[in-house]
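Scroll down for the structure; my scribbles are underneath it.
Chain IDs A, B and C follow the sequence of writing; residue 1 opens each chain.
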């Protein structure tokens, strides 16, 4: 057992050295009205890795990942400053189409949110259909491959025409993952994807996250430190709108540089 | 923002702007066509009591009074009934029946006003109100409000107020009931825990908490009654002269318009009918504006729409 | 203590009495309309135009007129109402959106006869004729605030997570709005039906726009009769055969209007009970 785990760790490490960065965040600040919630964030995220964001409630984790796909600006009075470079191009540059960015950087939310008035099938294909894709054969292929990637195909292949809301919570969340994958993103952002789920469903999603990194870069926000250590190659610890420490997961959990991090992971937080 | 997005916003904003535009149109278009009458009669348009097409004198004081008085009668009758009905439905009736009976009462609101008017004209006034009013006249005619020199017909101010009361009761009781439903159950329980009886809980906790809702229902009911045309036209007797007695035929702004628009020949007559409409618009606008200010603070979910 | 108990009983008595006072008129109206109307309604009453003498014949022209005016009203009221409601709900953070919402509430309270006067002065006077078109426009203006408010309310009821899910898929805002509308369609449909029921039952704004007519329906730019105008004119005619025809027309109208209202309740199933 031990040996297998060590081997896995080694692999994780190797992978991350092989991959280049896909996202670089420079001097990112974000506000809700006058409330300054992200303060000078700098981080670079490697491709084909799982990066976890941990930190106490309200520290700005959700806000941070919502800045990565330009969802933050949809909140009334919300504001962003700084750069987010995706493959070297600043997504906040004038002339960049936010919808284009959102297709390249997909997102899965804390509470499963399938479109309740659409079938399982239409949910998966919503992103494509609403952008004008009509090729039936291609759509059917995407449907199957995305549901398979989300480990959901076997469970729903006979229920494709049922409402998305009729699935169980865990199935709904995997449906949302399949839906996000269908638009072929490069990066998948996940905001506490398991917090509304039971342990079995959580295990399934964790397994899925690890398998996804072969094709995608995953950034996952979590409250659960065991989860971070199980799935993530890298982990960032946030506190009061700042990134306190960012390192390989094993390093951050076993030998943190900062005292704040240590206090947080050992549960000695005031 | 991409062009495409801007267009969506412009598109929806353009449609939405129709709404303030429509409100402005009411005042501007109707106001413009009333101008002639206002210029000719000045303030006496509102304060004078003569409406005489052959002599081209048009004044609407009796109609303004008729509008306010008939609506006030309607409120006076409808308010206690609506509150009582809302109490029955929300406090005494089991929840299942309450929703069902509530729906039935709300269906009353869907009955077209011309059908109310017809029923009032052919059934309610001759078979019910007329005998009652006759009795009042015989026995209480020393009260000026109930006096009458000649016989009465039943088609008068009092009757139209009663029919209006029946018509505004559904909306008033729905608004009351909705605001009673919002009273937190913790408040009721707290009152019971202090040893209050049911009637005390209702009076203090429920009605006390829902005062705003009741006020809103008064404004809404009054607003509806002010503008109601068909039922009033069919029942009020349409007399052009002013009378202190509620048992005498009378007229409201709305019924005046309904009766006179066809006979309005010549610029000044047409302008005067439109000016009566402008007067009604202003009165109902004031009432509604006040109602909305109150209602906005309480976020009803639509019972006002029925 | 005894006094308090008596008070309790009095309250119960008072509220039951109020309930009876409220429902007795409903049953009376329905009973009279049904019993007087049923004997009048037959196939020729529904399918024939009024006879040239003015008495006898049927109400076909009024039924057609009601449908035509309500159809025109729908063309005016439904698109404007849905678009304005979508604006109010989807741009609700903007100040102007709150202004529009407030004004639609105020419009809801404008007496319908005043709408008739507006259309009279804008449409009838400029076309120099009373017409089905003018009547339809007047009813449409009455529908606008009802459809607007119900659309805005039911779209605002759609959880934000649906919008975020759509945006996160890179779906454009115009499509996101379409998704929200489709999620709110039960409530929007209820609102449309409610507005249709209201428009079908209106009389006052038609007096000085559609005017009414004895003749068969003969075009949008001609005066037209509707069920409600027929009921009003016949009921007040003092002519017994016409009055009994008015009962028949009332029954037809009541079936249409209450049918639509029951449809609202059926579609809405409680959640949009009031809409």
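One rule holds in what follows: a contact is a pair of C-beta atoms (placed from the backbone, for glycine too) under 8 Å apart; a residue touches a chain by one contact, two chains touch by 3 or more.
The structure displayed is predicted, hence computed values, not measured ones.
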| item | value |
| --- | --- |
| Chain centroid nearest the full-protein CA centroid | C |
| Chain located farthest away, centre of chain A as origin (C-alpha) | B |
| Chain pair with the greatest number of C-beta contact pairs | B-C |
| Inter-centroid spacing, chain B versus chain A (mean Cα positions, whole Å) | 57 |
| Distance between chain centroids, defined by C-alpha means - chain A, chain C (Å) | 49 |
| Centre-to-centre distance between chain C and chain B (centres being mean Cα positions), rounded to whole Å | 17 |
| Overlap residues in chain A, where contacts from two or more other chains coincide | 99 |
| Shared-contact residues (touching 2 or more other chains) in chain B | 2 |
| Of all residues in chain C, the ones touching two or more other chains | 172 |
| Interfacial residue positions of chain C with respect to chain A in the complex | 93, 159, 161-172, 175, 178-179, 182-183, 185 |
| Contact footprint of chain C on chain A as seen in their complex | 69, 71, 74, 76-77, 99-104, 106-107, 109, 111, 113-117, 126-127, 130-131, 176, 179-180, 183 |
| Chain C-facing residues of chain B, complex | 2, 4-5, 8-9, 11-13, 15-20, 22-23, 25-26, 29-30, 32-33, 80-85, 87-89, 91-92, 99, 101, 103-108, 110-119, 121-124, 166, 169-170, 173-174, 178, 197-200, 202, 220, 223-224, 226-230, 234, 254, 257-258, 261-262, 273-274, 277, 280-281, 284-285, 287-289, 291-292, 295-296, 301-306 |
| Residues of chain C that touch chain B when the two form their complex | 4-5, 7-8, 10-12, 14-19, 21-23, 25-26, 28-29, 32-33, 79-80, 83-84, 86-88, 90-91, 96-97, 99-100, 102-114, 117-118, 120-122, 141, 144-146, 148-150, 153, 172-174, 177, 194, 197, 200-204, 207-208, 228, 231-232, 235-236, 243, 246-247, 250, 253-254, 257-258, 260-262, 265, 270, 272-275 |
